[in-house]
Amino acid sequence: MKLEIFAALKYIVYSPSTLILNIHAFRSQKQIVLEEALVIEPYVKVEELVSQHHGNRFIRLELLEGQISISYKATVDNAYKETDHTNLKEVPVGQLDSSVFPYLYPSRYCQSDKLFRFARNKFGYIENPFLKVLAITNWIHSHVEYLSGSTNAHTSAYDTVTELSGVCRDFAHLGIALCRALTIPARYFTGYAYKLKPQDFHACFEAYLGDEWVLFDATKLIPLNALVKIATGRDAADSAVASLFGNLLCQDIQVSCNAAENNFEPYYYDASRLTGLAYQ
Amino acid sequence: MKLEIFAALKYIVYSPSTLILNIHAFRSQKQIVLEEALVIEPYVKVEELVSQHHGNRFIRLELLEGQISISYKATVDNAYKETDHTNLKEVPVGQLDSSVFPYLYPSRYCQSDKLFRFARNKFGYIENPFLKVLAITNWIHSHVEYLSGSTNAHTSAYDTVTELSGVCRDFAHLGIALCRALTIPARYFTGYAYKLKPQDFHACFEAYLGDEWVLFDATKLIPLNALVKIATGRDAADSAVASLFGNLLCQDIQVSCNAAENNFEPYYYDASRLTGLAYQ
Amino acid sequence: MKLEIFAALKYIVYSPSTLILNIHAFRSQKQIVLEEALVIEPYVKVEELVSQHHGNRFIRLELLEGQISISYKATVDNAYKETDHTNLKEVPVGQLDSSVFPYLYPSRYCQSDKLFRFARNKFGYIENPFLKVLAITNWIHSHVEYLSGSTNAHTSAYDTVTELSGVCRDFAHLGIALCRALTIPARYFTGYAYKLKPQDFHACFEAYLGDEWVLFDATKLIPLNALVKIATGRDAADSAVASLFGNLLCQDIQVSCNAAENNFEPYYYDASRLTGLAYQ
Amino acid sequence: MKLEIFAALKYIVYSPSTLILNIHAFRSQKQIVLEEALVIEPYVKVEELVSQHHGNRFIRLELLEGQISISYKATVDNAYKETDHTNLKEVPVGQLDSSVFPYLYPSRYCQSDKLFRFARNKFGYIENPFLKVLAITNWIHSHVEYLSGSTNAHTSAYDTVTELSGVCRDFAHLGIALCRALTIPARYFTGYAYKLKPQDFHACFEAYLGDEWVLFDATKLIPLNALVKIATGRDAADSAVASLFGNLLCQDIQVSCNAAENNFEPYYYDASRLTGLAYQ
């Protein structure tokens, strides 16, 4: 599906600083960036980097005092894979590919080591792993209130599971932590989401089921089949949209994501058809 | 230097489980494994894996009910690099190699995002980055009490900085968190340590200074020049010596590390000579 | 009902220390201490105190180096009040007696301020306050595993609600925190419990319903009608059985509580009869 | 000294709610309320209460939907006691009056049980207890940044000791926690503070030294001799200026405190004269 994405960020820089942005559309065989443009005003030298581990694309800017605007625009054609998980079996740790191991371990915002008992009590009885993760997203959606401003950059899954409020980032972290606590590899996913309201970058998560990374979103704010992937990582610690080093402040963020073609049919999971979507 | 290392672990397995061990000596051009032997009793199939990101060597065992003993023995010849850091300058984030970025971000046990102010207040004034990390290890050594049993698998740097007791793992986590809070990449290092008392695997940390990973040890329990590296990682979450999945219990651990040659001269850092050691 | 209670504690004292014990049976018009004896070996001067706020009886001992044994024995005749709460209505904060206000606020181990949403989601819909607290105890009983050694002196309700394991102290703290989060005053209750296995002091909690403090016990380990009250307080911070100041270690605890009369009929709550018990 | 105090609060009430305010000047033999006036618009019935334990004066209002303004004005003549603590000796726990025991234990926001080692390391060597508490306030003042908005209602001493930012409430909680960790009883103190900028209620703390409650303020924002005491308590959990039950929101707070007489000489502690001030 063809999508048009746009992001504009404004920063005020109080003293020379480094800004790392991860707002570029991920490039893969299944997600083709048809065209893209990056505009920086006033112009500063931009360094483009691709992370070794995840293939995320980021830019690094060395900023001097003053204001700076960065805008990014792209047209992306991406495809997701649909897989029926009706007969999915749990994969024992002993058969998991070692490359997914990092996503089994606890991370900064996903303290799965503290949630074993909770996760097993609530979801342990469900046999089909797809249904298990679906039950996790349903539990989060019905128990955690989506409430802007109720959490901050330190908030982690351990907080959210008790305090029960948060934003997309917190919903994703809790989903990841609960999956890992059940020995299902899970990772953080950031992207542009079709007509997300209010406008912003989106965060959701992927669980490793069968042999693919299946997308889940506990916020249920968006159709699952109209995302443009930006990055994946263990959690928001290593896949933040923006990392700031120095003395600078974000003043404005504009984000949009619209269909570049007609006949879009939104897709959501429900327990009646176990078809999962995997972006690549 | 030639070192002879040995580890023996015994587990009791209550129901079919997976055990992942990371006790093999790391292999590199500078750390040559001259000979090694792994004995498992009763015999079970062993799968050897090397992690993509860090090159750590681990084995995966599928265990049935009963007892199992694993012993590993090796002779290793390793060399560390000595570098004089007297004129070391701080490297701005904008000039860091992107491969070290993962070690700048907070992780499960190293919540550097909560320690910015603390780290800057205590160590921010020190210009030379080697002296900065040395000051961190000295602060930890003089403020944190080495106390077996005072911490557990959930204990993190955020706890240790206040509760001020712990074991080598906790000392390393706090060192890492403080480095990252000062924008110095840092990672967890596990190894066999020469004549460590009491016998155990050892954990310390590396800071990325200049263009190399320099070893630091806030416990000051061992000479820095007689370690055999096992693994590196972000923290103990992804470089644990043993990861247990299922229902099994460790009953005994024996570890030793002795010199296989004479004329060993122990080396410790002090502020009078700024020569750092880097294992590879 | 007449009960015979006994407690014997042994301490080893490494340097001069202060020990405060709260093991004496509470005295009230409804709990008559028929006889009691305190033996301390070797003899040291004992100071008896009664706390202003709660009327708890405690003793303070100034100890020198060495070993000390304290044993306490009493025969107590106590009565609890039975009240049918079938028609109980919620009491708005505006009508609560101001003397119960301290038990509405969060305390060290009962962080009700972090559990508002959780408590309201789970139990907010239940109208009858007795049934509300009964649902809280049932939830704790079925979700939290009673597991000796899984928690320590720092463990609080905020940990237990997520980690889901603990001992009687943790069960009580969570019950209290959830009540307070629902604007029901609640306090910590320690006592001798009839035939508790394993032998130990017991902790449970009281909720202020109607105009009395009704006993609840989420462990369901004991009949509710055969307790000897020792103390009440906000939580274990101010109603600990023993408070140690100095360098001393408890080596042994023996506790027992037996009926001094026949025809004892154990009483437990269940949703079919809403009769609550109140000790005084 | 005669002081004129004033407070005006505005709330918007979304549904029937209870508001408990603790803004009245404390009454004692040493703090005479010469005149006072409370105005509530629109008028609702006010219930005046005095807490049993601390003697704090509070009012309870049952509010209906709509807006409400409460203003309080008083002229107070108060005296503090000055005591020279040059020869102050530490009081062993065994000699403390049992009425101060509640202030030795950890409370919601003052987790002294987690700060023993930290407190002993930093301040344990200081013999004179007045100097000990003075050193605590100096440490807090020089290490914790006064930063509005950096903390919230859940922030506790355990957070502040590491995150090192906060407001007067956080400074007080940390002071209290450190005192208690050193077996010095300490409690929370709220009041009107002379010419505090920005205008607000103030929080500081008292340590029990000799046989009196000596005032300390780690913010150093105000002279210590021009406070009007409102309340004392274990921490902000039981001595909040306002406790809200229901659905209402504070929209505006105005506070002032001015001298009603001339010749005011501000008084601050410093290590050169060990004269402490005690309000009563």
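For clarity, chains are labelled A, B, C and D in written order, and residue numbers in each chain start from 1.
Here is the rule we use: contacts are C-beta pairs under 8 Å (C-beta built on N, C-alpha and C of every residue); 3 or more make two chains touch, one makes a residue touch a chain.
For clarity, every value in this text was computed on a predicted model and none was experimentally measured.
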Intercentroid distance (Cα basis), chain C paired with chain B, Å: 45
Inter-centroid spacing, chain D versus chain B (mean Cα positions, whole Å): 46
Between chain C and chain D, centroid-to-centroid distance (C-alpha), Å: 31
Chain B: positions in contact with at least two other chains: 114
Topology of the chain contact graph, where touching chains are joined (line, ring, star, complete, other): ring
Which chain pairs touch, all of them: A-B, A-C, B-D, C-D
Touching residues (chain side chain B, partner chain A) in the complex: 18, 20, 47, 49, 51-53, 58, 60, 62, 92-94, 98-99, 101-102, 105-108, 110-111, 113-114, 153-154, 183, 237-238, 243, 245
Interface residues, chain D side, partner chain B - complex: 114-115, 117-118, 121, 143, 145, 158, 161-165
